[in-house]
Structure formats: structure tokens, C-alpha cells
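Pasting the structures here.
Consider the two complexes below, in which subunit A is the common component and subunit B and subunit C are the respective partners.
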Partner chain A sequence: MGRQVAIVSAGFSEHSSKRSDVNMPELVNEAIINCLKKVPSLGLKDIDAFVTGNMPAFEGANMPELWSTDWMGARNKPLMRVTTGGTTGGSVAIAGYYHVTAGLPGIDTVLAIAYEQQSQGDTSVGLASTAYGEISILNTLGIDYDSLSRILSAGAAIGVAAYQATNYMSKARITEEDLARVVVHNRRNAAKNWWAHLKMPDLTIEEVLDTPYVQYPLRYGMLCPASDGACAMLFTTEEKAKDMCDIPVYVNGVASVANESAVLGYDGSGSAQTDPSAQIGAMRSSELAYSQAGISFPRKEIDYAEVYAPFPNQELMWLEKLGLFEETTAPEMYKNGTTALDGDLPVNCSGGVNSTNAIGASAMERPAVAALQIMGKADNQVPKTVHTSIGHGWGGSLNLCTLMVMSDEQKRKWR
Partner chain B sequence: MTEKVIVSNKGLVRADFNFWVGKYMDKFYDGLEQKKIVGNKCSKCGDVFCPPRSVCGKCNENLPLDQNWVDLPESGTLQNYTITPYKVTDRRTRKVKDPQLIAMVQIDGSNTAIVNRLLNITPDEIKIGMKVKVDWSEKTTGAPSDINGFVKV
Partner chain C sequence: MSKLTQRKSLDYIKKEYVRTRTMPGSWYLSSYKFKFNIAHHQPMLEKLKEKKLIANQCSGCNRVFFPPRLVCGQCLVKPDRWVDIRDTARVATYAIAYLKNAETGEVEEKPMVLVQHDGADTCSIAELAPGVNVKDTYIGMPIKAHWSETATGGLMDIEYYDPIEDDAKDVK
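After this line comes the complex of A and B, so read on.
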């Protein structure tokens, strides 16, 4: 029942605000080349199946997986597209894992590819297409557009994050300075990561606080960029992984959980509206993934975390909800250096989503970086040895979370 | 249950899309501006792509941007066609007087086909395998519109 799965490589394209030098399949191809370059014994011909995903409609290209087939090397091979909003990359990675663990005949090595070319097309229209989907749901409840505009969250993703931020700030009794500190942490880390987008090695808290509000309490300098970029991860069986790389990274637990139905701005049937920073979905996903991986004391057993935080308040919130820090203590951990590169629990050393956000790729870049940290091949490698790491994704309008727990040991509790 | 219309949404959405063609198609459009058709070749299987591309899907080979470019003639073979009584650019308008002919043309020396209109050819004359050539627009700008269509050789 279910084969043990290992990650043997992960690769990235260069990320920037406008990759106008490549079209979408060419961007995808870059990440695949970077991923396979790290496994010299393997070529595209050795890949048995492909999973891919990006945000629906962001680039205005329908069925991009078919356009990219040749550029992914997927001609005449099993190919599947998965798209789940902000968690797309996380879902694609989990689908890659499912492909291998399922044990289908002839499917051992699977390439998972997630990407976004936000400069192409119109992201607002892409987001609107998501919002319109939700408007349709509200219409079926008999709510017309005019009434809707009064109750709808302001301004897309930041509209959701702003509620989470004010709520979290009042719970943890922190100021904007604490949010800015997280941003500085991320952007300085990004400066040491070749594929990151916003590299700011000398950024200060004052500079972040000196930018105007976009939506209280989030300032312009705290927001993630819109990036073009792609990410690829290679999954295979434990037997094959040993021949492909020195330190295979075993996937010991995965989860993808939404804890309640939540239509943007209206139909929160649970805590997402009354307590936006409760994030029960994140807690539930960590419970599930940790129990599969046999983790009882996350803070002690996890050495490295990549969490999906386009906005700094989310980074603090996730670290607590995923069981790494006690409630409301995360801001202190950024002050005392626990989360720094050389700290006890390094967090988002890639610069995180706060520094690079090619949306469809972002939730895959988290487990990808977390896996590379175990292999010792990450671009901003932590000095200590990483045995166990997590890669998290967030998306949907409020509360869908993906989580992958990885380790250099096969600790999966089920066979 | 009776049907009751509560909501009737009317709206206009403006969407500005940019598309990056990439460096390979850039070269193709540069060629069109000089009334030339260029393709590129897979060094492994020898297939010639027109329009050019960065990857040969058959061989999983990356085709380097600075190598294996091929100048192709403006002549080609009609591989497939269809005929429509409607205006190609606007199907909502009434039928046109002369039927529109659309064809897939394989440029000589390439392994791919491009789609364009056939000009000055009647439905009686059209035949798979017939030779056609590019009809260039008078003023080329490095855009798809540089090719008006294909005409009889």
C-alpha cells in the first residue's frame, strides 16, 4: 500500500517582473533544464509522467499544458494539469507524490512543474475570473452585485490578508515594525538566492515603514511582487532515488486541507470570518501531515521551514499554526534571530513568497527549497545540517493549505 | 417552485493582455519584415520548424538560439484546406460574396505547416498538394500581417 517516495532534484527559472525574453513554454523549459542538470544520470526520456499547473486564466492562455507539452518533454507520455488557485504549486507537488506512491506499472519517475508568467496577460483579469466564480455562487444565494460590493473583501488577496493582519496584530500585540522586520528578513535572504525577484541586501525596517499604505496595516514595501517564473521537482521511488543522488529527500507526509466553505467576503461558515487568523485549515493540514510523518514535537523535530507568505503577517501566523512556535510568539523569534539563516529554526531562507511570487509556482517553490536544504544544495544554504523540513502553501479565498513534510530518513508511518 | 429572477448582472470587462513571443519568434518576425521566411533545424532528427521554436519535442533537444537557422523559400505545398462562406475575421456578418479559402501550407524545406488564407484561388482550383507561394503585404512591419496569404505559383 503506497510506495515510499523521494525527491531527487528541484530546479528554478530566473524570476523577474517581466520575462519578456521568453514565451510561456520557454519559461517552463528553463526550470526543467535547471532541475535535470542536477541529476546527470537522468534525461527527459527517463521521465514516466508529468504533472503541471498554473493559475487558471492569469495569462489568458487556455490549456497551457498542451501548448507546453514539447517544452516539458511530455510528448506521448501521461500528462495532468492541476490548478487550485494560490496552492496550485503545492497541489502539483502533492500530485507528483501521489503519482509515484500509487505504484502504477511503468510510472516511477515523475516531473512536477508549476509556473506563472504574470507579466503576460492581465493578473487583475485573472483574479477577477476567480472573483466572478464566487460572484456566481453569491448570485445563486440571491445576492446581487450592488449588495455584494458592500460586503466583498476589498482588493483581492491583500483584502484577505489585511483582515488576517489586523486580527493577528491585536492578538499578538505587535506593531507594524514587527511586520517590517519579517520583510527585511525575507528580502535580505532573497539577495543571496540567484532566482529570487526582489533582492534587497541592505533593506532596513525604517525603509519599509516609510512606504505608503496600500491597505491598513499593509504598506507598499511589505507586499510581494508579481513575478514571472517556473519551478520543477523530480519525484521517484526510493530504489531509483539512491542511484540518482547522494541524499534523496523522502516525502513522509502530505496534506491539502480547507477547513470550511468560504466564499470571498460572505459565506464563511466557520472561523475564517470571525477570526481570520485562526486558520484551522493550516492546523488541520499540519496535524495530518505530521502524523503521517511520525512527528510529535514539530518545534524539536523540524529543522527548516518554508511557509507561503506573500504578506509578512502571514509568515508569523503560519509558523504558529503549523506548530513551530507557541501562539503569538513568532514575532519574538524574528527579533532574537531564531528564524535567521544561522538560527535554531531557519525560515524562508529563499526569500519566500514575500520576495518572489510567480503565483502558480510559489506553493511548489516552498517544498522545493525545503528539499534542497536537506540535500545541502539550496542557494542560500543554512549552515546547520537539515534533517527534516516542511514546505507549506496557502490559497483559495481564505483558507486552503497544502503541506509537505520531508526528511533524509524514511519515516513515513504507513506502508 | 416558481422561477424568480433576483439577479441580472450586466457588465463590461476590459482586459489588456500582453504576450511575449520570445527570442525565436522575434527572429521569425524580423525575417518577415525583410520578406524572408526563416526556420530552425533540430540537429538530431533534422526536422525544420517554421515558425522556429526552442525545443524539438520529438528528440527532447533544445535548439540553441544562435545555431541551425535555415533560410526558407517563400514557396510551399498546400497540405490541407477548408472553405467558408463567412468572412474569416468576423463570422457574425453576413455571408461574403466569394467563399474564403483557408489552408495549411508546408513551406518548402520545413516539416511543419502554417495556416493562412488562399488568395485569388477559386474553390474549383484548390487541390491538396498544389504549389503556392507567399503574397507579401506592400509595407512589411515585422508582424503576422506581413503575409497577406498564399497565391498560386
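After this line comes the complex of A and C, so read on.
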């Protein structure tokens, strides 16, 4: 029997390809100041515990939580680091939720912080190191290193995304134009969001299709950037939240589900997920989180969605796998404006991961934006009233999905 | 079009930051040793010398793993049954990597194909025959293993996969 948890605030640092004016702790501090500024009644002494996370190998700084302690205000307080690859931010947010819902004595208000300063290190080395163990066993089985290195060539994530794109495109019978439409949707939204990275207010589909392939069927103009940035979220109990802000956002369901990784599989044995766009993990995580939140008809009950989509085909895929659209109908929804800012189900109005990707922070920015949309404080606020929203994350060994379902009223069935 | 002009054509609103001090550094890491069990691969590698393919099957869910797997993640059971699988397969998924050749400096198209053997439930990395244009491939395309002349007992004994005639009725 957990306690009801509420989100009272969320903050961001400015995102850019090279934040050359700050170092890592300073970047983290920027997001925290932005987050706490929105809750004037809260002092540093009122925060009881901290959860933090990034991918240390991407920046080349081991144990960054120790370096940043004083910049987070976490000195002499419980501090925990969570690192789960692309879902780091989502896992940090869920850990923050667990801290509060557990009901430990003296731990009511928890600050969750996720960040990444990719310009400091080499992300492709960090990604390769996570896949190397699996790759080297295939090498011992007799597959030459040349064909294995292709998987690592453009970074492990895009290799998998390209497979997902081929499968999804052949399943939904769409063209690259449909992918480019998603990119334009994201980048134009990003232009209205002060902290986003790739702000392109005048981008057109033709401009995206004019760029060369990086990995067929994905073009240079469709890829996510590598950003520096941080995000912070404040979790607290139901009772305290009411004193801190006008519209507390209640967390009604969380889930973090992994499935067998596509492409490489386990132990060099290939993957039993022969369709990389099947994403059973995402389907399971949505089932779990929706049942906790008491949502039976996601398409009707959810008003806003933030999904973790570095590549446009993934945005279409996740929206279907999370139960928001019927299979293969998502491209049509981008055509008819359902997912636009003033549409029926706005999606990724912050610009999404496609426009801003500070890896460790990305999966937390999704629930953070989704929560701010409910409060009515988001930077690219949707005109309609948002009652229920979701924030999704993807990563781990390319198979882990995190999901957070938020609402402006408490709805937990099992309470 | 060069990459620089690309970046320009996709220009975005950019802010200049005042630089803080930067110190170069690097991680000098020791070499790592990754451990993996290969005992369950031996029967398959032996059979490859006879140009035959076998895979192991989980007794819990009947899934067939090629290459063999040590444990079935769905049932937490060690697959112990050995089954024959065919050397015909289907393209499960594909993509093309665009890589710069280190010597000539030209960008080359390198196909990355995953195939699923008939009779197996997993897909694995493979090469298509040199003459095949990977953009003509499609998901579900039937292919057949082309064996090297002397089999040595390794996955490289299948040099590449040849396309074969598609007798499926539902192909456009």
C-alpha cells in the first residue's frame, strides 16, 4: 500500500550541442534552480532525499554524483544514483516516485535530477562499450569483425532504429515523406520551447528529404542531435503538494519493462524478436501502468503524450504500441493534424527527443513536460485542458521501456 | 552535397556561449576480459563442418534458437533438445550503413541484413550475395545459404545468402 505521490515542479537547463559556458555540476545546478524557482515556498531544507543519474561513460567522469553533490544541495542527505542507459531519466523519475510512495519516515519530498553533457566526452565510445561484450562472442563464432563493426559504425542506437524503420515502413506501407513529416512536427514545436536544442521554425519536408542517408532508410535530417542538458523533477506527498502549488500532478502509474533485445540477442544467439518494431516491452509497460492508473481506453482518457523518439519512425511506433492509436494508423494522424498542438491528442509539443537529446536527461524530460502540460506551465502549452498525460522512455540494451502516467486527480485503483 | 552544406541547409537558431576553461583528458583503461560459455555452441560448430545446420530448442516454450542459446529467457530453462533446421531462410529485416572507406575516402553502401532460418525462431546477422542490390530486398524475401567450399566449423562457412524464387502468393 503505497502513498499517493504528486509532482509539484519540473525544471530544465538550456540545451545545446556544446554548453561551453558551464561544466557538468553547473549544468545540473541550472536545472535545479529552474525547478525550485517554480515552488517559492520550498527551501532547500525541505528536500529530504535526492535521486540522480546520467551515463558516466558518455562524459568520462566517474561517480559524477559526488562531484555534483554540493551543486545539487544534497550534502548530508540521502543520495542515490540510477543508471540505465537511454532510460536513465525515466528510471530516475521512477526511483524518485518509489522514494515517496514507500512512506519511509522523514522522506516526503524528493528531488530527481537527470543530466548529460555529451560535448564533454565521446558518446559513441560509451555506446560501443555497452555492446562490445555481445559483439565479441559473435566474433568467436566466426562472423568477421568487419560486418560486426557495421552495427557499431554509426552508434549502436541508430543501427537498431534503422531496422525498426525498415520493418515499420513495410508494415504500415509508408514512405520517407511520412517520416519527414514527423521531424517537421517536432522541430517546429521545439522552436517554441526555450530549452530545446534544434529549433527550426521554418523546416519543410523537402528540406529533410534533401539530406543524405546516414543509415538507410534514415536521413541526416531525421536524426536526433547530441545535446548538453539537465532536467529536475520534484516529487512529494499528496498532502504537502497541495501547499506547494495550485495544480499538483498525481503520479497514478509507473512501469519499467524490458524485453529481449532485438538484433544482437543474448549470448550471440540472435534475437527471438525477429520483428524489431514489435516492441513487446512497450506494450507490457503500458498495460501495467494503465492498469495501475485505472485507464481502460488510453486513446479516450489520455490527453497528451510525450514519447521517447530519437528517430521519427519510433515516434509512430511508440504511439501505436502504447495503445494510443491502432496499429499502422499513426502516420495518418500526423497528416490530419490529430497530433498537432491544437489537435485531439497532442504529441511531443516540447520538440521531443528528435529535437533535444541529452541522453541521460531525455527520458526524464518526457514525464517532466507531460506533468507541466497538466499544470498549464509548459513552454509550448497546448490550448486544451490536459487532465491525463503520459511520459515514456526507451533505452537500456535497446529493449527497456519506462512509462509514467500522470493525472490531475488521484485515481489509483489498488489503493 | 557535403555535410557542411547539409548542416547549413538545416540551420537552426543557435546561441553562442562564453567559453569556460577546458582541459583535455582521456581515460586510459586497462583491457577487459568478457567471459562467455561456448560449450553449447560445440554441437552446432561440429555439424557446420558437414554443411548442416542444427539449433537447440527450449522444452518449455518450444522456441528454436540458432545460433544455440544457453538459457531461454522466457522460461528460465536450459534448451537441451537439438533439432535440424533448413539452410533456406527469410530476410527478417535490413538496413544500409553508409561508411567512409578509410583508404579511398569514398562513402560505401554496406548492407546490414538479419535473416531468420526456416525452422528457427531467432534471426541472426548475415551477408547477401555480392550482386544483390539490398534496396531490392524486402522483408520476408526467401534466400538460401551459399556454403564455402571447405567447411571449417564456424558461422563463416555460410559465405553469403543467394535469393531464391518467391512462391508466396501474397507478394505484390
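Operating definition for what follows: the second predicted complex is superposed on the first by the 378 of 415 C-alpha atoms of A that agree within 3 Å, B and C clash if a C-alpha of one lies under 4 Å from a C-alpha of the other, contacts with A are read in each partner's own complex, and residues count from 1 in each chain.
Here, a contact is a pair of C-beta atoms (placed from the backbone, for glycine too) under 8 Å apart; a residue touches a chain by one contact, two chains touch by 3 or more.
Just so it is clear, the structure is predicted and the values come from calculations on it, not from any experiment.
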Subunit A residues touched - subunit C or subunit B, whichever exceeds: C
Which superposed partner A:S20 touches (first subunit B, second subunit C, both, neither): both
First (subunit B), second (subunit C), both or neither touched by A:E409: neither
Touched partner set for A:I33, first subunit B, second subunit C, both or neither: first
Which superposed partner A:E239 touches (first subunit B, second subunit C, both, neither): neither
First (subunit B), second (subunit C), both or neither touched by A:E326: neither
Contacts of A:K199 with subunit B and subunit C, given as first, second, both or neither: second
Partner chain in contact with A:I143 - subunit B first, subunit C second, else both or neither: both
Contacts of A:G43 with subunit B and subunit C, given as first, second, both or neither: first
Partner chain in contact with A:T69 - subunit B first, subunit C second, else both or neither: first
Footprint overlap on subunit A, where subunit B in one structure and subunit C in the other make contact: 19-23, 60, 142-144
Subunit C-touching residues of subunit A, taken from the complex the two chains share: 14, 16, 18-23, 60, 132-133, 136-138, 140-144, 147-148, 150-151, 153-154, 159, 162-163, 165-167, 170, 187, 191, 197-201, 203, 207-208, 210-217, 220-221, 260, 263, 265-272, 274-276
Subunit B-touching residues of subunit A, taken from the complex the two chains share: 19-23, 25-26, 29, 33, 43-45, 60, 69-71, 73, 75, 117, 119-122, 125, 128, 135, 139, 142-145
Of subunit C, residues touching subunit A in the complex: 1, 3, 6, 9-15, 17-20, 22, 25-27, 34, 36-38, 41, 45, 63, 65-70, 73, 92-99, 109-110, 112, 114, 116, 120-125, 127, 134-135, 138-139, 154-157
Partner subunit A, residues of subunit B touching it in the complex: 6-7, 9, 11, 13, 15-25, 53-58, 60, 62
